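Here's the structure, in structure tokens; my notes come after.
Think of it as A, B and C in the order they're written, each chain with its own count starting at 1.
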Amino acid sequence: MTLHLQNVGRCIGNQWIVRHLAFQIGNDECLALVGPSGCGKSTTLRLIAGLDPVSEGSIAIGGHDVTKLTPAERSIGMVFQSYALLPHLSVFENLELGLKIRNVQCKDRSIRIQRVLDLLQLSDRASHRPAQLSGGQRQRVALARALIRDPEVYLLDEPMSNLDAQLREGIRPELRRLVLEQQKPTIYVTHDQHEAMAMANKIAIINHGQILQLDTPINLYKNPNSLFVAQFLGRPQINCLKPSDNQIQAIRPEDLKFDDSGLPCRLLSREWLGNTQLLYLASSEGDLRMIMDPSFECPERLFVRWDPQKAFYFDRETGKRIP
Amino acid sequence: MKMNRSIIPLLIIWSLAPLVWQLYTSFCTDQALVMPFAEHAQRWTLAHYQSVLNSDPPFLNYLFNSLFAGVLSTLLTLILALPASYSLSKLNQRTATLIKALLIGCALFPYVLLFLALLEVARFLQLGNSLIALSIPYAALSQPLAVLLLTNAFADLPTELEDAARVEGLTLLQRFRWILLPLIAPAIASTSILVFLFSWNEYPIALTWISDSSKLTLPVAMARIAGSSIHSVPYGPYAAATVLGSIPLILLVMAFQKPIVSGLTSGAVKG
Amino acid sequence: MTTLLLLLLPSMLFMAGVFALPLARYLWLSFHADSVMTGLVAIPNDGANWNRFLNDLRYWQDLGQTLRFAVASVTLELLLGLAIALLLNQPQRGRALIRTTSLIPWALPTTVMALGWRWIFNTPYGPVNRLFESVFGHSLNALGEPSLAWLTTVYADVWKTTPFVALILLAGLQTIPSDLYEAARLEGAGALTCLKKITLPLLLPYLGLALMFRMAQAFGVFDLIQVMTGGGPASSTESIALYAYWNALRFLDFGYSATIMIGSFIILTMMVAIAWVVIATARRRSVVGAPS
């Protein structure tokens, strides 16, 4: 089973929300769509789900063209940012509704619901209303609703953005295991690059409705094709030096080294982060961020140097990478 | 602070004093009404209530007619307004704003000016003297308010709920049944009660459409008593009728004061 | 998109049936004679209705009376309603009681209470006259004197609507975030400044809306007048809606009645348009002057 998008676009009025979307993901793949808010990543998901009409291009699931089909006919499992659980129904009834609509036998329904509740450790919550559940439990119910119909494709729209940071970290490995176990193409939308790197084996960086780069997380980090991608991935953010000759030189904070023959800098501020410390430096080339060992006592004035091989060069006008 | 505390009893007296006077009148004999300070052999009586309840047609008949017209027009209003307001909440901004402006204009319109044309319609289509037919103009006149209130309710629902249901495979009708209607139930309640109150109290159209005395609604029946003559109105029986006619509404207001106020204010906030 | 329009259609058709169609019919009828004289058949009459309308002193007198009624009752309702709402705008017990008692006058059918008022203002037997007599020694003919009768109708309308207006304004007051007042108090603003700079500007949309709706409703006043005074004494309380009603159902002159309605509709539209401009200007000014 594969999900295949060919030159997909959506246009409202005379404005393209997303355009030229093209990728293919297989059974064991999880693709993360990341980008700033309003970049079109959620729209992409809605197009695949069939919630919004496609203006050009085609979408195929397992070789079948589904471009013109309704969401119901596409065999999609989707988890929404707000979980979209019906507040007036219990967990059991929320899971049952979709099966009831599809005329699944009553006995069969109960078995399937019980199985998925067991899988997600929700068995003792079956008769609760969503409002009586914690955020993490609600998220699992939303996931259970997607799993129960055994769909061909999973779409997850910022499924963890409503959870607090600590809970998110706890749920991430569990969610990753569950999704990978299904052996189905999965798309994961998030604005959090860290989450994208943790969950997905491929990441597509989207901006202004276009995919800028689609690759494995490590390749994106090591080999960004544009300034936007370089700045989007990696925290603390990549250092951009003052442009010269229409070129921007960018260097990752961890690649900066102290060297008395290097660029003279002045310490602006420091953040102690536990296992590292982050230094903010001012220099004639612009402000720099630098990662250091936490025990290091930084002087007011210092000199930094970096290996030009590890720096990236971008065109100032287009933001494209210069090899 | 003292002003604040004394305003509440003042407000209650202001609102209820005329009703209390009607209540008092309804139990007084005619002699006691004309000469309240003289000594009377009999001061209190239930005769007014007896005459009202035993009149032809009996007074409860009017209550039933108003109830019937009210319930029917509320149902018809909802059947028309629910799909329309769902549609309005989904239409693009510009069209929706235009239609809403139109609705506000219609809601502002003093509908009493329409009675002549509606009377002609009733004559032409032989709709006079039918409480069922009466609910048609009532439902139509209630559309602006009902559609505006329900559109606000639909627009306030998170769109993801309906998206999730579409992915689950629910058709539009199933979404209405399982998701939309249960979730906007509070708005439906306040809309229904406001439409019901309008229909129950409506006067000019009922006055011109209904002439058969067994089909009169409460407001028209009340006004008929007044119409006889300015000076010889039977105030005792009339006060009894006022009391009887007010009780259902007072109960209704007591039971539904919250949805009434929330309906009225949600209209005001968004309008 | 097509489904959406189909869902909208029935409601819109019903509305067109009761709003647009009657107005079109009135416009057409206003250029025809349609009365007992013509055997209730519409015959074109070359704008004679409109000629009569423009020179109909009774209509213009009624319009003046209707506006007098509308302005007096709506002004009183808004001022009293605002005062009550401000006094009630504190957390307190008995909220449900206040709500219920405020809604009762508004919810009762106008005709029911209109006849009640006739009894209460009755001369000589009503309580108001008895009270007046015992204080001033002579009787008060509240419904028989033209100068008093219209005030009596205004009182009945104010009684019915003031608690209701107060309730709406109270709901508006409760949407104003309390930190605005706290911030103002920190700056040293007094109660009066808070009222002028925070409460009134933020309440203005509610006041404007209440004003427009109440004015339009008062412009079409019918039930109250018809039952309480029948337009009398000597037509001194007659409203335009009542005059149109008499023309249609007492004089059976449908053509002229339709002219009155469409004429009144045009006048009302012009007044609403003017009010709209005034409110919009006031709102723009209040936005500029509002504390940010």
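In the analysis below, contacts are C-beta pairs under 8 Å (C-beta built on N, C-alpha and C of every residue); 3 or more make two chains touch, one makes a residue touch a chain.
Every value quoted in this text rests on a predicted model; they were computed, and no experiment measured them.
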item	value
Pair with more cross-chain C-beta pairs in contact, given A-B and B-C	B-C
Chain closest to the assembly centre - both centres taken as Cα means	B
Mean-CA-position distance for chain C and chain A (Å)	58
Distance from the mean Cα position of chain B to that of chain A, given in whole angstrom	54
Between chain C and chain B, distance of the C-alpha-averaged centres to the nearest whole Å	17
Sites on chain B touched by chain C in the complex	3-4, 7-8, 11-12, 14-16, 18-19, 21-22, 25, 33-34, 36, 80-81, 83-84, 86-88, 90-91, 99, 106-120, 136-137, 139-141, 143-144, 147, 172, 197, 200-201, 203-204, 208, 218-220, 222-223, 225-226, 230, 233, 235, 238-239, 242, 245-246, 249-250, 252-254, 257-258, 260-261, 264-265, 268-269, 271
Chain A-touching residues of chain B, taken from the complex the two chains share	158, 160-161, 163-171, 174, 178-179, 182-183
Partner chain B, residues of chain A touching it in the complex	46, 49-51, 70-72, 76-78, 80-82, 84, 86-88, 97-98, 101-102, 145, 149
Residue ranges of chain C in contact with chain B within the complex	3-5, 7-8, 10-12, 14-15, 17-19, 21-23, 25-26, 84, 87-88, 90, 92, 94, 96-105, 107-120, 122, 125, 127, 130, 159, 162-163, 166-168, 171-172, 175, 206, 209-210, 212-213, 216-217, 219-220, 222-223, 226-227, 230, 232, 241, 244-245, 248-249, 254, 257-258, 261, 264-265, 268, 272
